[in-house]
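As structure tokens, the structure follows; a few thoughts come after it.
Each chain carries a letter (A, B, C and D) given by its place in the written order, and its residues are counted from 1.
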Amino acid sequence: MPATQTTVIKNGTIVTHDLTVRADVLVAGGVIAAIGPNLSGDHVIDATGCLIMPGGIDPHTHLEMPFMGTFSADDFESGTRAALAGGTTMVVDFALPDPGQSLMDALAVWSNKSARAHCDYSFHMAVTWWGQRVFDEMEQVAAAGITSFKHFMAYKGSLMVNDDEMFASFRRIADLGGLAMIHAENGDIVAEMAAKLLAAGTTGPEGHAYSRPAQVEGEATNRAIMIADMAGVPLYIVHTSCEESHEAIRRARQAGKRVWGEPLIQHLVLDETEYFHPDWDHAARRVMSPPFRNKAHQDSLWAGLAAGSLSCVATDHCAFTTAQKRFGLGDFTKIPNGTGGLEDRLPVLWTCGVGTGRLTPNEFVAVTSTNIAKILNCYPRKGAVAVGSDADLIIWDPEAEKTISAAGHQSNSDFNVFEGMKVRGLPRYTLSRGVVAFADGKVTAPEGHGAFVPRKGTTPV
Amino acid sequence: MPATQTTVIKNGTIVTHDLTVRADVLVAGGVIAAIGPNLSGDHVIDATGCLIMPGGIDPHTHLEMPFMGTFSADDFESGTRAALAGGTTMVVDFALPDPGQSLMDALAVWSNKSARAHCDYSFHMAVTWWGQRVFDEMEQVAAAGITSFKHFMAYKGSLMVNDDEMFASFRRIADLGGLAMIHAENGDIVAEMAAKLLAAGTTGPEGHAYSRPAQVEGEATNRAIMIADMAGVPLYIVHTSCEESHEAIRRARQAGKRVWGEPLIQHLVLDETEYFHPDWDHAARRVMSPPFRNKAHQDSLWAGLAAGSLSCVATDHCAFTTAQKRFGLGDFTKIPNGTGGLEDRLPVLWTCGVGTGRLTPNEFVAVTSTNIAKILNCYPRKGAVAVGSDADLIIWDPEAEKTISAAGHQSNSDFNVFEGMKVRGLPRYTLSRGVVAFADGKVTAPEGHGAFVPRKGTTPV
Amino acid sequence: MPATQTTVIKNGTIVTHDLTVRADVLVAGGVIAAIGPNLSGDHVIDATGCLIMPGGIDPHTHLEMPFMGTFSADDFESGTRAALAGGTTMVVDFALPDPGQSLMDALAVWSNKSARAHCDYSFHMAVTWWGQRVFDEMEQVAAAGITSFKHFMAYKGSLMVNDDEMFASFRRIADLGGLAMIHAENGDIVAEMAAKLLAAGTTGPEGHAYSRPAQVEGEATNRAIMIADMAGVPLYIVHTSCEESHEAIRRARQAGKRVWGEPLIQHLVLDETEYFHPDWDHAARRVMSPPFRNKAHQDSLWAGLAAGSLSCVATDHCAFTTAQKRFGLGDFTKIPNGTGGLEDRLPVLWTCGVGTGRLTPNEFVAVTSTNIAKILNCYPRKGAVAVGSDADLIIWDPEAEKTISAAGHQSNSDFNVFEGMKVRGLPRYTLSRGVVAFADGKVTAPEGHGAFVPRKGTTPV
Amino acid sequence: MPATQTTVIKNGTIVTHDLTVRADVLVAGGVIAAIGPNLSGDHVIDATGCLIMPGGIDPHTHLEMPFMGTFSADDFESGTRAALAGGTTMVVDFALPDPGQSLMDALAVWSNKSARAHCDYSFHMAVTWWGQRVFDEMEQVAAAGITSFKHFMAYKGSLMVNDDEMFASFRRIADLGGLAMIHAENGDIVAEMAAKLLAAGTTGPEGHAYSRPAQVEGEATNRAIMIADMAGVPLYIVHTSCEESHEAIRRARQAGKRVWGEPLIQHLVLDETEYFHPDWDHAARRVMSPPFRNKAHQDSLWAGLAAGSLSCVATDHCAFTTAQKRFGLGDFTKIPNGTGGLEDRLPVLWTCGVGTGRLTPNEFVAVTSTNIAKILNCYPRKGAVAVGSDADLIIWDPEAEKTISAAGHQSNSDFNVFEGMKVRGLPRYTLSRGVVAFADGKVTAPEGHGAFVPRKGTTPV
């Protein structure tokens, strides 16, 4: 389709975080050119019976992430292919410098990997060590359009940073008008608990869950919030999985602090009993950090999404194969942490959220797309159905059904943690900057179609 | 200006609840026709240095309200004139049937009064008594575009309804897809306390405050929330003035209940010490229900607006003259309850909220306009700067200053509770459906320009 | 045993709310004469392997309560016999005046009934109507040693009092230095819900539970707390069954209010699924108000006992026979409300509380005896193992076991809601004022042994 | 007085944490021999108009604490002399090993210092470094009767321990049946803030307060609670000074965790404005950690004492002279941290607590004596008025008055932070193990009268 041609989406109902309205959408030059009745264009997409929503944004992926001499199973090619097939039109991945490595070098590595992306993407920069060079380069990173910086309070001995490093980094981010992000688990306690469990003979995947209980996450969340507030920086807490973290976030928000929590789709629907499955493979395939929690924690997360105390649903997509998971046979601390979800996030959330009455369709859009676009300062270019916005759109069929299975999914992994779940609500078409990127069950956007989305800093809070 | 001519607002920055963006706004036929760069029209309004925001919506006024054989001092003419002068382009007033009176008759009376309005308006219907006729007429009222129903838990012996009546009414509203509203104070306790105070010789305005402390409001709020939840109806709590009410609202919202709280601009900036003023007139002029609270309650209200646990800022505009206030000399229970604020709400909130960093400009728009438009189901016709929305707009000069004074205000009252307050941030122009309704310090929209805004019910929660 | 003879309890461990200590206990003249090592007396009770604890006090019973022309199944004879068999040495029953009846007349009726008691007892006076006569007689009632006054916020049309009556009564109690008590459920809403359910065809026992959900109780608790605080009176909330009530109590206590909550042993261990039993009799036998709740509410109650936010465990013993329960066949509102528990309270609480680690033995004593003795102002005469205290004692064998069953229990009822529960921890002996009142599985205190325990008012809070 | 002679206290009213009762108290052999009416003995102490209460226990002192080559101004001689003069009959001091030093060696040093004590004492052992030797010696320390172990989360570079060390130590304490204690402030953040303030030119005492705001304490409290819970050890939080810490403690207690908070008398009555005093000496004399807070925090602490969410009032007595304070001229981080209070704790708490109605006399006893005796497992030897308990008693005259002043106080310091405060309520006599240790305004117990109070471990929670 020549770039000068236009496309009109007709007969659908636009659903944004804010509004539900019947209107046609005209796309031209990759952006939304008009919204209204009776529009016409060179090409027509029929949205009869469908909802037109902003494409999903997944703010938390780990594609082609280095790991023990190999890499996570999905790279930017397969990962973004899965994204589009599930209605997600933008992913934000984490550039992870090695200890001592230049941030700009790490960014170059990630930029290289992302060249194969089918959909748009951006990066967060991880601060995995601290020194003058990191301090200095953070400004360059921000200038390159990457204004969100991730810190790990866990993974002692590798990624973990201490409180004083975190405070120094947060103050730097405040000066740059950026966003601080954290993986919140008390790494000291996790390490001690894991050692204690292994010493006591608990070597299976259930040991992973035992070693990082909810309060270990809640404590770290509470601590990061204090440090962020002292530094005067807004804070985004990734993979909020439990009531303890949620409580700390609620308390902070009620005190006027700018703090956001991100439940994962996995934590919303899967629970800790997965780790007690008699099949080692079954349990190990679900190993991720934080681990799945019990039903009471799930209820807390759903309530938070409805009440607005939690903001975004992500995947932490970090797929591994069963073969990779088996690196941890006999020692749960060696099981690679991570699960997939990019293709399934929207259908599962729609099914378990909108389908049950927990979320309105508008809230679904907010938590899958618009909220994070605002937080990451790329709204309304992304996350909106508005004139001038990128035409990243889903034509969503709320009646379409399928059963999730590794057989036929886009991911390179040989299993799917949602295996066997019947979902109702699927994308009929996904558009990426006006291009039909997914249709008739096939990803149609070519490899490399995806472009980097730079983001500006905001005025410090 | 002929209806076929267009107006363009140039050189300003659009501020909505969601976005801040530089663009021109084209107005045609009373609605927004286009938003973007380099627009042109028949007439040009220069917004250099100004913000273009949705006009304010005041969801809580009592214009020409009957009272002891007379009426509140501002009618729809002076009240809406004050509204426009302060950047408010829509008011929602309460139709108050007498005990036994037909709801439709009361509506006819209020429709008649409102014919003189300078700006758009809608109504809430008060349920001041209960019976089959009220039950039956509520459907007609809703069909007439009035889908919000107010109940008084105070004013025992006149407006107050009991729990069983409230529950019956709430269930009816749920069936109609409407919104329940309450004035939350425990009327039994207030009546007993007032009698006890008078008996003890406390007859001055301070007795008004003593007789209705914060926990009496908090209890009623908590009770109304339970009853609404049992009835399955969304609930809007007017004039939330204290931490106790706010706490009940927070707790409900966190449990996923659809409940909203409305602080008044008066409670946000004025406190209980006003009632201890040695001048009886000074104190009596501030008598309203709930009374002003202490600083700790004010802090709670501001935090709620920032955190999103409170939703709208209103005025409860119910102006009286000093002469009317003096009906209560010697008996505080006879002082007419009410104060003005229509002209001052936006400048005072901007000054004390945005000017101090408590609220962002986007949050200012949300709490003065957009949130209530959504709650009352007239968004995006009202409360938006969007193509197709009514061109109810403020051209807001954040640097303009004035000192508030009864001398020169629009209200018919001879005093102003904000007298002497210096505000920074004022409307340069106010547009009502595309017509310049206020400019150069003068209200230019003619009497009767205002139109009724009917609202549809929503699907029951 | 002549009154001049002494008894010594040897080889046991004294457990009070405060202390655990090995010592002998010497009893003389019905009171504790000495505590220490190597005591001797005329008679010896061997407490080897046992704990010596203050006898249980059940602050909430309804013995021989009038009901639809008949009476609750246990009178003071069988009820106090059950009490002693279960380690309870004092019960506090409710004198219930009919509407319009003199309080002193009601008291005379209850005093007459209680003449048959095997163990000590006191009364609470119910305020079931309001008027000058009630106001006046309350002083006489207090002078007669009855300083706690109960109010019903439910049972609309019979026992229920309105907010203004409650406030007037609470103020009167404050003047008398007494204690206000409430049954907290919103009677208006319960009545409406029950009518709605019956109209919809829900006539079975499950309708009872549906008609009085947790938040209806929580609301009333919150309201009573406010009214008590306005009146300046301490407040005791009977049968606290849910998190909503508990939350209101916690909030009040943290604000320094003198408020206590009383979970029942039934609510701690039985849940709402009982009402869904296919056997009508099974379900109806469990009908009481408030109804049993779900596991989350149970967790809240246990946590409250451990944390001190809830104070006493009672029974609300109000036994009925299956024949009486069947009055409600076809209409759940006619099922007599009430279950038994006097004999089972201590063994069940020990088994499910101390046996599981939820409560320490000291906390067990606090919540079954000492706390209520303090609240009702009869400590340390009752509720203590101290020199000078009444020798109301349990020799508790923590290893003794039995299975609870209606076959063999003391109650006149033909069923037991704990039927089949295996308990571990039983009284070996129960002493009432020094007399061995229960031994070898037999109640040995004669009918009429029990004496009235008058209580003084306290200084108003 | 020969040890075989007896003393009787007559005409007073016994006030314990539990009870208020008129009775005589007979003392023989250093312990309470009898309580009752009409007792007689060799010597009579007249308590007419007075209350007989358990002697105060101060669980938090630093006597003769090494500091920059010198020592804190009060040693065990002057410190315990001050204690007795103020009604305190037992102090618990902190043995502080140097980094690398043997715990048993440190204990020997402290035992040596304490030989001069006028009143009884015990020790807490500080864990200021971590290693196998510390781990090993903790058992010896516990065997020596010291079962409480203190940890510093602040004082980075000297006393501070990290999370993994704290967890290891807490697990060890759990195994020993001991009590974990913490000084809760995030040392990393405090150090960064102090450096930042000094760099910005803030060198005066106010910088001390700015560098350790309330949330820095609240965070550390929350963290310690999590770590203690993971380790299964009860936790005592010293010098709880703010709502943030109190909130964390409340939340933990409500979840059934065994956690106690200790406000200091200083934080209850003095506030942060002290640090803004224009006189450097005035401000520096008040420098302690945590610093004084604002009135809202004080309200929170008082409410916690009344509600039971906070347990003990201590002093953290660590007196310095003005000359010593001046070590910090030009650099607030060098001002020695600490203030006195041993002589003033009880009179000030009575005056500001009981005298204002915030606390009952029974609650006063609980928070000054009985609660800590229970927590430290020396109840009822200490903290009780009971037969067999040590005769550590105060004869308290609630009407006696004085004005606090450094002129005439017992402490070696040349100033008093309560200077000029008029107190009402003072000890008339103080007895230490039956010996009159303070009378007629004079300390009469000889140097060296005090004895060490060993304590046993408890069963792990």
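Some observations on this one:
We take it that a residue touches a chain if its C-beta (ideal position, glycine included) is under 8 Å from a C-beta of that chain, and two chains touch if they have at least 3 such contacts.
What you see is a predicted model; the values in this text were computed from it and never measured.
Ranking A-D and C-D by contacting C-beta pairs places A-D first. Note that among the pairs B-C, A-D or C-D, C-D reproduces the A-B interface, with over half of its contact pairs the same by residue number.
The centroid of the Cα atoms in subunit C and the matching centroid in subunit D are 40 Å apart.
In whole angstrom, the spacing between the mean C-alpha positions of subunit A and subunit D is 50. Shown here, the protein chains touch around one cycle, each chain meeting exactly two partners.
The touching residues of subunit A, counted against subunit B in their complex, run 18-19, 35-36, 250, 253-256, 303, 306-309, 358, 374, 379-380, 387-388. Per the touch definition, subunit C reaches subunit B in the complex via residues 162-164, 167-168, 186, 188-189, 191-193, 213, 215-216, 218-219, 222-223, 226-227, 229-230, 247, 251.
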